[in-house]
Amino acid sequence: MKVRPLHDRIIIRRVEEEETTAGGIIIPDTAREKPQQGKVVAAGKGRLLENGILTPLAVKEGDLVLFNKYSGTDVKIEGEDLLIMHEDDVLGIIE
Amino acid sequence: MKVRPLHDRIIIRRVEEEETTAGGIIIPDTAREKPQQGKVVAAGKGRLLENGILTPLAVKEGDLVLFNKYSGTDVKIEGEDLLIMHEDDVLGIIE
Amino acid sequence: MKVRPLHDRIIIRRVEEEETTAGGIIIPDTAREKPQQGKVVAAGKGRLLENGILTPLAVKEGDLVLFNKYSGTDVKIEGEDLLIMHEDDVLGIIE
Amino acid sequence: MKVRPLHDRIIIRRVEEEETTAGGIIIPDTAREKPQQGKVVAAGKGRLLENGILTPLAVKEGDLVLFNKYSGTDVKIEGEDLLIMHEDDVLGIIE
Amino acid sequence: MKVRPLHDRIIIRRVEEEETTAGGIIIPDTAREKPQQGKVVAAGKGRLLENGILTPLAVKEGDLVLFNKYSGTDVKIEGEDLLIMHEDDVLGIIE
Amino acid sequence: MKVRPLHDRIIIRRVEEEETTAGGIIIPDTAREKPQQGKVVAAGKGRLLENGILTPLAVKEGDLVLFNKYSGTDVKIEGEDLLIMHEDDVLGIIE
Amino acid sequence: MKVRPLHDRIIIRRVEEEETTAGGIIIPDTAREKPQQGKVVAAGKGRLLENGILTPLAVKEGDLVLFNKYSGTDVKIEGEDLLIMHEDDVLGIIE
């Protein structure tokens, strides 16, 4: 079972700090409870431009991304807390 | 008897939690009274772009969708409480 | 004597609840005094797009429509209370 | 002596209720002091679109129009109180 | 010495009521101290549209114009109080 | 050493009143501490339009300009107080 | 390990005042704790225009830039405090 985000939306699973200290990216203290990074679990087909053309998103399933702390909508899918947001709320991709 | 939504609007029948626990999608506690998912019972012909072209909607009749809790307008059609909203208020399609 | 609405505006005659219970569409209790449906008595020639093209409206004279409760401007024409609104304020067409 | 309105603006002379009861259009009670209709005494050359094209206005000199009560700017020309507004503030043309 | 307004801006010298009663245009009482008309003493080259095209202004040096009372920026040039505003703030040209 | 402003931004060195009384342009009393004119010391390459075209700015290095009193951002470069603003904040060029 | 900013975003490492007094650029007193300049450590692929074209950014990795004091989002990457902002928040490039 799956949720397919519409257009330029993506679904994100928050990544807890414990997983990331090894990789080297640490969330600042003031943001401890609500980390600013997560893994993209689903991405929409693209952004619909005013001329009718659909441009594919820059993020894709599996990407580890940084995002603004108050971005997106919380949603529970199959018992798991996930986040749905617009790609524009993503600050960058962690490589 | 039917209501045909205009342009990029869709009509949604809210899906109660009891129906969804089997399927696996559970609405978070704080949203119990007003679930964030529903079935599309009618969809408009599409979004009218600034260049005059009509692009068809990504959701269609029968889709099970997630939407923002305060989205749309409540309306009663043939004794049933439904919701009319813009497709942009739909977060994703449950597959 | 007639009023021709400009561009994307339409003129609506509110339909009272008594007429609609037969047809099956019932207005919710909280909206009793100001029903959310009416008959289109006149429609403008269309929406003027930014590229200069006029696109015809999706609603036409005679359509029975649903609309947001606080939409439009009240106006009295030949002693009758009517409503002028933009087509965008129309939620859907009752068929 | 004349004032030529710029672009999409028009100049309107308010029509008092006494003139209109014969013709059949009556202004609602709450709007008695500031009627919502008037005669167009001058109209601009048209709306300048973002692509540089000028589209002519839909209202012309001599039209009797309905307009939103608080629209436009009051101006006194040759001792007469007139109103300058954008064509978009016109709700419809009385025919 | 001269100031050349940029793009769609114009420079206006306010015209006092004394000069205009002869010509017939009278400013309403409530606007006595800050008249709503003036002479254009300089006009910019035109409005820059989003497609990169410059469209010339509709007002030109020497025009007598009506404008909104609180429009523009006061500036003193060679000891004289003038007003710089966008052409859009001009309501009409007095002919 | 130099700062190159981005896109449609310009860098301005405020011109004090003493320098301008000779030339004839006097700043009104209420604006004495923060004069509304200055010399352009650097200009960006141009404004990026929505169609991807870069249009060159109308002001260039060396121009003496008028600008809105609260426009721009103060910055100190090589010990000197300068101002960085968008070209749109420039009212006109003093010739 | 690296973070790649999306679209028109850039990542900046703040430059402390001590490093810049030699080079001649001094941050004003009121901005001492939060300097307005920094080095670009990563830049997005470009700005996505409404016509679907991606235009490359004007700043690139290694540029020393001036930016508005309250611009961007603070983020800690590999233990280092960095800043992610839109290119539009960059005032100019220090050469």
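Residue numbering begins at 1 within each chain, and the chains themselves are lettered A, B, C, D, E, F and G in the order written.
The rule is simple: a contact is a pair of C-beta atoms (placed from the backbone, for glycine too) under 8 Å apart; a residue touches a chain by one contact, two chains touch by 3 or more.
In UniProt terms the chains read A, B, C, D, E, F, G = Co-chaperonin GroES.
Fair warning: this is a prediction, and the values are worked out from it, not measured in the lab.
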Where chain F and chain G are represented by their mean Cα positions, the distance between them in whole Å: 23
Chain centre separation (chain A, chain F; CA means) in Å: 41
Interface hub residues of chain B, defined as touching at least two other chains: 50-51
Contact graph of the chains (line, ring, star, complete, other): ring
Round-the-ring chain order [start: chain E; next: chain F]: E, F, G, A, B, C, D
Parts of chain F lying in touch with chain G, wherever the complex brings them together: 1-7, 9, 11, 42, 44-45, 48, 50-52, 73-79, 81, 84
Of all residues in chain F, those that touch chain E in their complex: 23-28, 36, 47, 49-51, 53, 55, 58-59, 66, 68, 87-88, 90-95
